[in-house]
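Two complexes are shown next, each including chain A; its partner changes from chain B in the first to chain C in the second.
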Partner chain A sequence: MAAEEKLPAWNEIPPGGIIIEPGNAEERYTGDWRVFRPVINQDKCIRCLLCWVYCPDSVFHIVDEEYVTSKGRKYSFSLKIDYDHCKGCGICVEECPVNAIDFVEEVK
Partner chain B sequence: MAVTVQEAKVTWKRLPLSSNYAAAYAVKDLDVDVIAAYPITPQTTVVEKIAEFIANGELNAEMIHVESEHSALSATIAASAAGARAFTATASQGLELMHEILHIASGLRLPVVMSIATRALSAPISIWNDYSDLMNTRDTSWITLIASSAQEVYDSIVQAYRIAEDPEVMLPVMVAYDGYLMSHTYEPVLVPEDNKPILDYAPKNYNRIKLDPERPISMGTLTGPEWYYEFKYQQVVAMKKALEKARKADEEFKARFGRGYGLIETFNVEDADVVIVAYGGLYGTVIEAIEPLVEKGVKVGAMRLRLWRPFPVEDVKKALGNAKLVTVIDKAISYGARIAGPVALEVMSSFYHDEAKPMIMSVIAGIGQRRITEDTIREIVDYSFKVLGRGRAPEESLYWGVRGVRYE
Partner chain C sequence: MSSQAQKKKKRYFKLINQIPRQELFSPGHGLCAGCTAGTIVRHLLKAAGPNTIVVNATGCVEVSTTTYPYTSWRVPWLHLAFENAAAAASGVETAIKVLQRKGVIDPNKKINIVVLGGDGGTYDIGFQALSGMLERGHNVMYVLYDNEAYMNTGIQRSGSTPLFAWTTTTPAGKVWRGERRPKKPIAEIVAAHRVPYVATTNPAYPLDMLNKFKRGLIVEGPTFVHVLQPCPTGWRFDPRYGIKIARLATETGMWVNWELDHGEFDVTVPVPRRKHVKHYLRMQGRFKHLTEEEIEEIQKWVDQEVERINKMVGRQVIGPVEE
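Let's look at the complex of A and B:
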């Protein structure tokens, strides 16, 4: 109850559940919905970005981090997952053409 | 409260119109932008007439032909969400099929207006009138007006947009009237030569929150237990406000155009021991039946409920407070309730907290358009006086006119 009481009152929010500020999904952490967590195997990943294309929640971020695989292949960037917003739907796991994303059960 | 609006100079023409056509004329004069509807008896001629107006170039509107009433109201809601003045019309099974969307229109706070030519519900199939369809919408957060003449259908739809689009209300409005008994009978109706005064009275509210690519918003979002209740409470408050807004809308309508109805209508209630409460076209029959009785000195009066939701508790109590017995005639059944008349229940609960209150009797009649004549009303009046003499109203609704059931 205490946490709810800090939220705005009925007359301090827009009518009808309408969201008047676009793009505020970022402020809502949906990562705790997850049962399985996608984990990128940077060594197997070929940087095709299909995960980035398919992800319905845009959680794949391209970061400027060089990576050299165990076979000596050099990539100029890496991929990181925003676990605050990843709901664990597993679409990336399914779509990855080289099975470079492991689906690991969340253990708390 | 004094209304200070100058009477508009309007040239009226008198046309013979059914209530369905009166609804269509109101839609035309209100310059509605989008109409989406699916035909159902006895509503169909509303939309046929609107289609005719559009085809003739008399109304510049988009008519969306949909595959069901569920889609009809959905399309109407979408148009309203995009900022258009939107309208639909239905009855009976069509209204039932719309039911989940009724809650969405009110929940999204969209000022949609809909006319209902009330009709009984299946099964068995009945295309004839009662108010079962309308009464099922009681808890959908739609403001509901029940008209008793074709002129009032026209005037109420005009008032409906004014109420719905009020920034402090922003709720959808239904205007109901008797299927067949009104939807397909013709009465003289005054409609304006030019619709400007109508639009001056009910200007389109385009400055509301709407779907606009320049200012993106989201409608129809998911809310968790920590948010949902507050949005529902907003509707409770808006409904409360709608009561006075509806009163003002009618008062200003009267000031401008010379016709007004109030939230309720009364006849001889000050001097009556028995008051008959009715709604819709039946009120006319009640008046015809009791006028000669009143002339003979019988202490009987009548009240018509015009605004059903929000329920005008104070008005009703004021009108019925002097009576010894109130007989509420309902044209719908709430199955399984001892008092099965929806309006009777509401009248009873209005008086619950009072020490001094009239006896209240619930009568069910006119189901599936079982005929209610002036004689039927006089029989109900006679029975009411009998009950008054006994000093105790029946604890159960009376099912007036069912073959095999008699009340002594």
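Let's look at the complex of A and C:
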């Protein structure tokens, strides 16, 4: 929560301090923890979905985006990384069976 | 295992394509980078679906997924202390049963109740509540994610810490060589309660893990799934090797993926040729003080365990050491 944002008063929060909005942690951007950034090489990727399976932060999104590789292989979907939440742990880089994910240093 | 039982054995998910796409565990949680607990919880909720109530004992997952005012959970979620998660889940299950009888909730609606506890909250502190829940026979699945120490409070030993592992309370020096006792066989202790379903699994085998979660939810009565969860912070390894270490645990025989379904014992991930434990131990900083003799001692302990498992199955599911 940003510091300048006004915090709710005691009578504005739900009873018991419960959180009524499911899954609102998505508003927290854990992407700034990252030192190395995984980048998918769409041409090498065989769409086995192992990165999507193993990712602890569910940052891999399966998008309906056709892709034709340089060898002429056609895929009906692609994988995209949500860099707002990716913590850069590198599990996907390690587990990719065809080394299609590059691990590059973040430079700002 | 009889051929009839083999036929009865169900595989709910056979391909990675069949894994549900719905994410009920949102990103943005505060688990360490590379913490495989995220993988485990994601798949748990994929197997369970939206009609689920999660009862969470104190632990890493609890503190890091619900930092006020944010929550990662898209299902009803209840936070409890270390010692009473199973007891509270019993109450939740009974309350739902009563509400269904009175017609407040549709009696045909299947509501899954899942307890998620860490090894501290299960092996040590929450054990009496778990034992009581199993004894009373509540229709609850207990999922234990086991990172082999109290990682949340700063790597203190728990009943789950393996032999010779370094933790802050079992230091490695001249007198103490890390933890002095082998791991407590919690899943077998649970199986001794004669519950219908007990399984051990590990996130490196996602389909095995999902099938066990699903089976645990479908079986009536108390069920227990024990999941190994490599912890980059406490086990002292590079975050990227989390899944690799989990896989090595099974490949070396340190961890056996088995299930006990209504008295039928089987190993679901057979290892025809097993690797030497040094491959598993040398990847982790918590074992870096080990001498060759100590590694051999662990290997001897693993050999005994493997022999016992093979005897239980009745055939050689886990083979001899390679090289």
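What we mean here is this: the second predicted complex is superposed on the first by the 87 of 108 C-alpha atoms of A that agree within 3 Å, B and C clash if a C-alpha of one lies under 4 Å from a C-alpha of the other, contacts with A are read in each partner's own complex, and residues count from 1 in each chain.
The working rule: a residue touches a chain if its C-beta (ideal position, glycine included) is under 8 Å from a C-beta of that chain, and two chains touch if they have at least 3 such contacts.
Bear in mind that the values here come from a model prediction, so they are computed numbers and not experimental data.
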{"item": "Superposed model, chain A: greater residue contact from chain B or chain C", "value": "C"}
{"item": "Which superposed partner A:107 touches (first chain B, second chain C, both, neither)", "value": "neither"}
{"item": "Which superposed partner A:15 touches (first chain B, second chain C, both, neither)", "value": "first"}
{"item": "Chain B versus chain C as contact partner of A:63, first or second or both or neither", "value": "neither"}
{"item": "Partner chain(s) touched by A:33 [first = chain B, second = chain C, both, neither]", "value": "second"}
{"item": "Overlapping contact positions on chain A, where the chain C interface meets the chain B interface", "value": "17, 19, 22"}
{"item": "Partner chain A, residues of chain B touching it in the complex", "value": "107-109, 170, 209, 216-221, 223, 226-228, 230-231, 233-234, 237"}
{"item": "Chain A residues touching chain C - in the complex, by the definition given at the top", "value": "1, 17, 19, 21-30, 33-34, 48-50, 53-59, 62, 82, 85, 87-91, 93-95"}
{"item": "Complex contact set, residues of chain A against chain B", "value": "3-4, 7, 9-11, 13-20, 22"}
{"item": "Chain A partner contacts - residues on chain C that touch it in the complex", "value": "16-17, 19, 21, 23-31, 33-39, 42, 65-75, 203, 206, 232, 238-244"}
